[in-house]
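There are structures below to look over.
First chain A sits with chain B, and in the next complex the same chain sits with chain C.
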Partner chain A sequence: MSQQFKAANSEDIILHLLDMMTLVFHRPSGLTHIVADPVPAILEVMQDGASTPSQITAALEKNFDLEEGADVENVVLARLDEMYALGLIERVSE
Partner chain B sequence: MGRTYQTSLRVGPATFRIASEWQQPIAQLSSLYENYPKPKGEFADFTVRLESKSFWRKYFRPTVHISGDFWLPDASPLPLSQGLLAAEMGMNLQMALGWRRHLLLHASTVEKDGKALLMTGLSGSGKSTLSAMLGEKGWRFMGDEFALICPQTGMAHSFPRLISLKNEAIAAMERNTPGDRFGPLLEDTPKGSIRHLVPLWESLEASNQPAKPALLIFPRFGYDKAVREIGKSEIFVRLTQASTNYVALGEAGFKALTSFVDNVSARAIDYQSGDEAEELIDQLWAELV
Partner chain C sequence: MTDQAAKNASQQETNGIVTRRRALMMGAVGASAVVSIKPALAQTAGSVLNCEIPIPGNHVSGGYIAPDGKIVPPDTPGAFAPQGRTYSGEEVKRAMRGSSLPGTSYEESQAYVNYVRRLQYGQSGFTCYASLQMPR
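Entry: the complex of A and B
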């Protein structure tokens, strides 16, 4: 079974959009992260229930106008690793 | 233990107790801060101590170590002739490391019509000199080192310490400013020559009046005259670097800074002379809605 992820509780993070970047203030750590697309979009679809990389990829493809032929799932996997390292998402044990 | 000389100073909302093993820095401070609002008997927010490292170094080639509520372990001592600078550095250090009532931005600030112009940049960008210059030309000088942003209201509060003029800026300001407002010329300091200038009385008298931040400028001295727009992300990052207490304030700092970035116009300017900078600032100020 594919690894499942869980986004941080919505009350634990504050998202703030600036021009091309989005700020993520992580309340538990007090750290501010500056992230670019597609991280805010991934957080958004995860808040809506998507939890595996495939579900997240499918939700992104449905909700956003993505570049044709882009290897979305690999991009999602790379970003999930980074978001996990920052503490913005958790891995769910099977 | 030898005698301790001391004085209490109030700069904007902050009060300091300065204690020294030598009389000279305290006498200079007392003279230069003579017209500042006096502390009202309350406990000082911070203590700065000017100390010798050993009994002998109090008298023989005396060097001043900066100590106090907050201090840096690797700070180099200064010769006694630069004791005034040591006191000023000590006060800045207390603010940078200890102040929590406001979001503290390393920026100079002047005010006109209730609105504040903030200037921030690296050492040598001219932010201190420009604030001193504008302070003599109809703007209210609010500070050349720290802008204090209230997390609740977003207003800029004044921290009008002595203006620290460096190198070429000293002669430039001496040309048009009465000599009795200057401190002694301090040569061969870690930042070259330094001479302190007392802000105009009107700035000191109004130092408890906040102003609404309206324009943020990133000045750069020594380049052809130009004005550039800057993206909000870059402004945010630069201001986190310019703040000494952004991380310490946590969520309050995040909200104060994002609100500042969203609501304050910002430009980078390059200039070759004070006149050029003044022209650009007047132009940008006039364009504010």
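Entry: the complex of A and C
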């Protein structure tokens, strides 16, 4: 029974790509988040439908060329915790 | 794997069109990847701790606060009937370090502190609590 998450709607978010990072402006809160990879990629696959940590991991592995030996699932879990704590994603109750 | 197969591992071929997948750095599990800029807190350092946290917030109607900070039905054994007052960020910060919130016993104060730790984005007091976590 995996926890499901939902990203903010794409119309509520403005992404601005900078060289080494991405700015994410979240309209409803007026907050700006400075995010590094893989956060924008996680948001992207969530907006395409991935909602559990394993679905997100699988989507990243499918759509991106990841570095050898990366502990993808644990990195995804750690980043989801951060994104949740800062309001970029919400938990979907079961 | 042959050289050609290895090259193809990072490419996908659909209808004869080869798309190279973007490289994505995953980073380390423990390395933070998000920093937030909170315009409401662009104040003098002193006033950040004057922000307020109501205990409980207006999303709680009639529930009691359990020692672990969860909201439970009234009269749950061991849970505290909330006094329904507001504390400053400074008071909550001190309570998190061991002193008690004004007007509360140690156990009640710990329950309230745990309640604050469980606050979610969007609930009253969350932004004030989040600002307590930010390094100065």
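Going forward, the second predicted complex is superposed on the first by the 94 of 94 C-alpha atoms of A that agree within 3 Å, B and C clash if a C-alpha of one lies under 4 Å from a C-alpha of the other, contacts with A are read in each partner's own complex, and residues count from 1 in each chain.
As a working rule, contacts are C-beta pairs under 8 Å (C-beta built on N, C-alpha and C of every residue); 3 or more make two chains touch, one makes a residue touch a chain.
Treat the numbers as computed from the prediction; the structure is a model and nothing was measured.
Novice: Just to be sure I read the superposition right, which of the two partners does A:Lys6 touch: chain B = first, chain C = second, or both, or neither?
Specialist: neither
Novice: In the superposed model, which partner reaches more residues of chain A, chain B or chain C?
Specialist: Of chain B and chain C, the partner in contact with more residues of chain A is C.
Novice: Look at A:Asp71 in the shared chain and tell me whether it touches chain B only, chain C only, both, or neither; answer first, second, both or neither.
Specialist: So A:Asp71 only meets chain C here.
Novice: Contacts for A:Gly30 in the overlay, against chain B (first) and chain C (second): which applies, first, second, both or neither?
Specialist: Both partners.
Novice: For chain A, which residues lie in the overlap of the chain B contacts and the chain C contacts?
Specialist: Dual-contact residues (chain A): 30, 32, 34.
Novice: With touch defined as at the start, can you tell me which chain A residues reach chain C in the complex?
Specialist: Touching chain C: residues 29-39, 41, 60, 63-67, 70-72, 74-75, 77-79, 82-83, 85-88, 90 of chain A.
Novice: Help me check something: in the complex, which residues belonging to chain B touch chain A?
Specialist: Answer in residue numbers: 231-233, 236-237, 240, 247, 250-251, 254, 258, 261.
Novice: Note which residues of chain A are touching chain B in the complex, please.
Specialist: Residues 14, 16, 18-21, 23, 25, 27, 30, 32, 34.
Novice: Spell out the residues on chain C that touch chain A in their complex, using ranges where they run on.
Specialist: Within the complex, chain C touches chain A at residues 10, 20-30, 32-40, 121-122, 130.
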